[in-house]
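Should a chain be cited, it is by its letter among A, B and C, assigned in written order, with residues numbered from 1 in that chain.
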């Protein structure tokens, strides 16, 4: 009787947690290594170009949504921290630190929005997609979170994914790797996915 | 001894993965059919009206956040692709292609923001809620992702839900179903939820 | 033979759903009490200050992204409901209703964006992070959803978290607790997490 219970419980659990495995065809299933060890991780650098060195926007990869050509002329009352500034971006991402040869044709891009939200210091908030478009990786990761610039590293959430990153969740750790005034900044992103669906 | 281990393991797993089932009352539980077959799916059409045919905004369902009445006068330097333009929308959604009789009183609406993020081509990014308000379905789905307009279909993430869609996750596939200049566009959305909580 | 199957199934399930438990060290694991009873809950009040009583922005915690000092001068065609208005905020949050002694140095803050998206009535949409920075709690929760102001309470999604709230998911219920014209509003947020990772 007890063993029957086990059989029933085991079959019930099997159908509940791994229904995809019992199908004949190879099918997608949820994969968690552990919540301490990611099922997938990668380091990427985001390059955000506001103005190039000739002070032109011809190479820019982001645009201030509110005053597209006036990011350098902050509202005086905000104390130069751009409180309220919303910036739309479409930034190349690379595995190494170097800028890609072409800013437009990059295999990985970050597309979305960031905004400055402090009167006292530079502080930002991000919501964006990482778009992968190479033969090796195709799909998107969707992220959002607070970028507390005053802290050396800060974590944001990977809230979902598509394609090769179907349904993925995890955490991305941001670190400012370079900051050149209003022309360029580079963020290091250590992306760790803890729930993969492969 | 071995069978005791199994009993313990089975009981442990039972409590871990299906605690809600052992309660006396009917209670909500996580339901995954498989990660290939959605636990819920639906097709909806989103209608975004910028200007009506008399070039007025009286019927518009979206508003450019930056210059509410000047969407047609793009910043010249962006090459007509509206790079940096942020648009707030509150669009009716329908199960068929036809516009609803009333633009305001629709049982399903998409509320949120999209933005244009490319200098080379039309390319967008979305973050929004689908608000269901009928006798049959009540609640919201929350979505975000890159809308790579150049691709025939593109996937975004369903990152959460409330009410009848409590905690749901999945993927929505977008397809441009109609595009009439700056007056109107219609997106087909195939929404597939893979994690339901019922 | 049947019992062998059970052993295999049990071991398979054990490795699939609770890999972290079998490690020697203490490690993070997914914790769900049930989908009716949160694994963590809290009530917080969000204080959004647009203008102080002398009609100045010196104490403001939010900024209209589009016209940083002109929130009170709505576009006439929007009928006073600010359709299309995007507001960036960095609001103190408290456990009680009272404003914190200092608006800048608060242990809990909400950082992100809300926007007004209706021509007929006040209706909003939120995407933001709750940033915890005390000795007791450190980390962030990331939320998004429709704030249907006409309804007494409305639910939005907790789509992820970091630090002490690593990977958390759940629902937050909003209620307007105070509304003082264009100077101040207070939202009560009942946050219930159903998936914790501890």
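Note that in this section a residue touches a chain if its C-beta (ideal position, glycine included) is under 8 Å from a C-beta of that chain, and two chains touch if they have at least 3 such contacts.
All values reported here derive from a predicted model rather than from experimental measurement.
> Same or different for subunit B and subunit C, when you check if over half of the residue numbers at their contact belong to both copies?
Counting shared over all numbers used gives less than one half: different.
> Once subunit A is fitted to subunit C on CA atoms, what angle does the rotation have, in steps of 5 degrees?
Subunit A sits rotated relative to subunit C by 120 degrees.
> Just curious, how far off is subunit C from subunit B if you go by their C-alpha centres, in Å?
From the centre of subunit B to the centre of subunit C is 19 Å.
> At least two other chains touched by the same residue of subunit B: list those residues.
In subunit B, residues 3, 6, 10, 13, 17, 65-66, 86, 127, 144, 159-160 touch at least two other chains, as defined above.
> So in the complex, the part of subunit C that touches subunit B is made up of which residues?
Contacts found on subunit C: 3, 6-7, 10-11, 13-14, 17-18, 32-36, 65-66, 75, 77-78, 83-86, 115-120, 123, 125, 127, 144-146, 148, 155-160, 169-171, 194-195.
> Per the contact definition, I'd like the list of subunit C residues that touch subunit A in the complex.
2-3, 5-6, 9-10, 12-13, 16-17, 19-20, 23, 27-30, 57, 63-66, 68-69, 86, 88-90, 104, 111-113, 127-129, 131, 139-140, 142, 144, 159-163, 166-167, 197
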